[in-house]
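The two complexes that follow have chain A in common; it is paired with chain B in the first and with chain C in the second.
Let's look at the complex of A and B:
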């Protein structure tokens, strides 16, 4: 064990700032902005050049199965059997939130109140007008037009869809039984769009549209997000504080392969749709130096990347989880 | 008008001035309608072209700064540039041209000079023509399967080779067509002077066809400079400055693809600048090709 970590340190030293070590990762779009910022800062600090290509969670899983990249990234956790079969270690990198976005004339940022129940019924095609009694009942004082609702979903396999449908399944038993949670599902109603950007663009253009995007995409595109009712029964706005509160209440000790469940957690101020995003690293790397550089990069990001993450409204991992991941690196990745 | 022509002077069938007048007016009317439709169609076509160019120049020049050529791509909000994408595009296009051109010329020479009427020649020509119209994404997937997946992953060299596969059929076709245009008398003259066949091909035919072949190569370069699909699965893209052919490599089309659809204003701006650079580059190549093709006085 000790020799192993010594070897690791030696390798890390070899890949020090003198010769910048390149590492290539590919996958989820959700964390791409924060990985890019971390990469920029880490290049100066520890001499590792990260090349992260946001090709989507499904693509990231495939590329690391094929070993064409140094690490893969996915919002949707890979199940234990698949991880064992592909000899991969899965660990979380950062946490973030998914927010509903709407385009209703007269409705301003974070004014509309929605619940998981209502979202599920909208996406099931059961609630079809914005002035439906179920919506107006919790939105007293908000003038909602008799406008048809146009639900927009991700047409491509998406970690965001996995997170969002997990929430709908948690909130609505009928959704859970009929449609379920997956990276791509058979949507009962609505139209598809590709990528977070596709949903953002469609919702921006179509009156009456509703969609779901990762929080950064909503704020960057100045889209109208909504409030959501959390498990404690309070309506919360999508803020970093609400995301952090949800992240803090996650129970990491029970999570297999760190696949923690942060959907609809208890906590009076928690945002209900929060998720971790994961890194997939081979346990039998072809190139040990590059694998070591990947671990060194995330070790640096855990220690120093919290500020960058929260500036972009992502949530850094709790310290005990970071330490557990560091221990996993030592015990599970062959040097 | 027709009233001035008296019936007696005209030979041939009798003309009824009223009918002639009516026919003439009908013809002129239909002529006018067709002409108007043609002008309308041309205007619509040109209007779209003009709109595309104006939008491109407006948005592209708007974001054109020195940092585009001095900085590598950076995270949103960090004032990045495109130099790694520009250089990556140049390197991969150069590899594609350097690998594809000799192969293409040799195959073209074989088709034009050695394979007349042979079954192999026809098969090669058919395959080359199929390759010419194959969707470029397939070529990307092909290189992914034979180079990227089994070996060390995404790399600049894989991107260059994918582009070479696109270059080959274009050069094959122009080389063959240009050699076919060389008059037989020229070949006979070379043979009459005692030149062996290879010498008459290299020193006479290829030299005479050089302008045409060079044009074909330039058009092939213009084509691959704007290709995105074959690079997506081969050189992947690189956020950092890197000249290593064994590492993933950035390129302008892939960067545009990633940036144009992003949620960040400075990235979208850079995508327009990149599109402008490619357009200007391809435009320049096309002009050079046209000048080369012009018959020399």
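Let's look at the complex of A and C:
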């Protein structure tokens, strides 16, 4: 008996009174860099240690459906019926943008102008040369070679693909009917590459290639991105200001379960391919303390994580949305 | 193979009988280990089949021949990855076997003896290189080389010829079925070469010396003495390579182009079973038809590997010619 109590004392001493509260999450790879930075900062600030595994959005949904993690993360919003069935609360964490990248001799950063319509036709294999009349018509000052277009897409199922194909579907009715939007689709043309790095490397290696990556990845690796025409009819460059403008012009009040549509928003300076990424939290947590820690973590991230997010070229949520999410935590999560 | 092994010595009758309990226990443990392997294999097959059952029920045999893979419409067919798996593995064997034979022949018959050890060690080291390294090497070195120097001239020269031209059509991405086969060939080369070298060395010197005594050339000794003597093990080594080529995942994923479209061109992109499973698995939801289709593909890969093994065993049965 004595040894047992001694062992208990030893265990308690080892655990220590100031041990950080651990929380576990799994899912989307798209926001993984910002979650990692938030995790480091939050450990120092509020003593919550985040263990996040970037296993993909689908995997994150599976894990939270099985309740093997404290929260799941997904780029594609989960539909309302499934959320109700699985007793999950869905809320946005942060927003990000996707940008097209190209490798055309003589074309510099953000010089080429493209539209959603043209992107869809390129990825459908209908526009096959860079000097196609549709492209040269909107790029008057640019000398485009008679080079074959080599479209590159994400071969692995990916939230980035979901966002990009959502945009193509919004821009082109034929794409919407024939291919659609999902984490992986039946691509009519082009080659697949694994991950953002695979796309970037393939585009760099193949003359005439076009691909799409998360914006942070494009800026960090100095890839040649393009301009895009937004809904208001203006050509915009992929800048943080253009992303923020898109985030601000999203209609958050109408969105069910915060599944807001930020694709091709109406703002005059908006970048057209912007998306929120979501957190899935059980409404009936097994362990209320851990669930509370998750909410505390994101509360801290909303208030103090904006700088970290914008350093990594992600976009923090607008203040009213943050407050609405905080209200949902209070009303919907059993404590 | 059997005749090259010495038959195991018979246990001595005079061995002590005191440890009969130990014998029984040991025999039971050994038997359990043997049965366990069978059970494990069976359990894997059964669980793959059960996982793939919704797909087989939904698409039937058509799953094998349907080239449509459309996650949005929930239509899945396995023809493209099955075709890609078979074609890349067979092409890799076609490229690797002659080279491996040359290496083994040179090392056992022609090379000066001081040179045999370093080359032999190099081959064994090649076999120890992790497949992800081959993938990266292929992606960053071979793919640009193919895109720049190999594919454009071949496409220009050959693509207008009827029939043959279809094999070389398409934009020069550098990736594709041909590049994947090339990487696979390099990966399985050390296995085949090392096996061939080892079995060529098992040929008793007296056979070869007799042949040389009769006036045979080195090549005639190789063809008439060494190869017939080691035929079984040589085919075994090739099967080992084929097995690795069929299931290779990472290296192929890097260079095959990952496209679920059927391509007649060797330079066209494709997909293999192992690579599509690795790529699509993280984004497949539990209980979805997509996950079931991936498991069904896993089951089919299992069956293909099983058939390859069965065919090799049948061919290698003593007396089969």
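Criterion: the second predicted complex is superposed on the first by the 318 of 335 C-alpha atoms of A that agree within 3 Å, B and C clash if a C-alpha of one lies under 4 Å from a C-alpha of the other, contacts with A are read in each partner's own complex, and residues count from 1 in each chain.
The working rule: contacts are C-beta pairs under 8 Å (C-beta built on N, C-alpha and C of every residue); 3 or more make two chains touch, one makes a residue touch a chain.
Please read these numbers as outputs of a predicted model, since none were measured by experiment.
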*Putting chain B and chain C on the same copy of chain A, do they fit or clash?*
clash
*asked:* Looking at A:256, would you say it contacts chain B, chain C, both, or neither? Reply first, second, both or neither.
replied: neither
_If we overlay the two complexes on their shared chain A, which of chain B and chain C does A:131 touch? Say first, second, both or neither._
neither
*Touching A:331, do we find chain B (first), chain C (second), both, or neither?*
neither
_Applying the document's definition of touch, where does A:57 land relative to chain B and chain C: first, second, both, or neither?_
second
*With the two complexes superposed on chain A, say which partner A:303 touches: chain B (first), chain C (second), both, or neither.*
neither
_Please report the chain A residues shared by its interface with chain B and its interface with chain C._
66, 198
*Under the touch definition given earlier, write down the residues of chain C that touch chain A in their complex.*
68-73, 139-140, 143-144, 147, 171, 173-175, 253-254, 257-261, 269, 279-280, 282-286
*asked:* Per the contact definition, I'd like the list of chain A residues that touch chain C in the complex.
replied: 55-59, 61-62, 65-66, 148, 150, 155-158, 179-187, 190-194, 198, 201-202, 205-206, 208
_Residue numbers of chain A touching chain B in their complex, please._
22, 24, 26, 33, 36-37, 39-40, 43, 49-54, 66-69, 195-198, 200, 216-217, 220-221, 286
*asked:* Could you list, by residue number, the parts of chain B that touch chain A in their complex?
replied: 74-76, 78, 148-149, 152-154, 236-240, 242, 244, 247-248, 258, 261-264
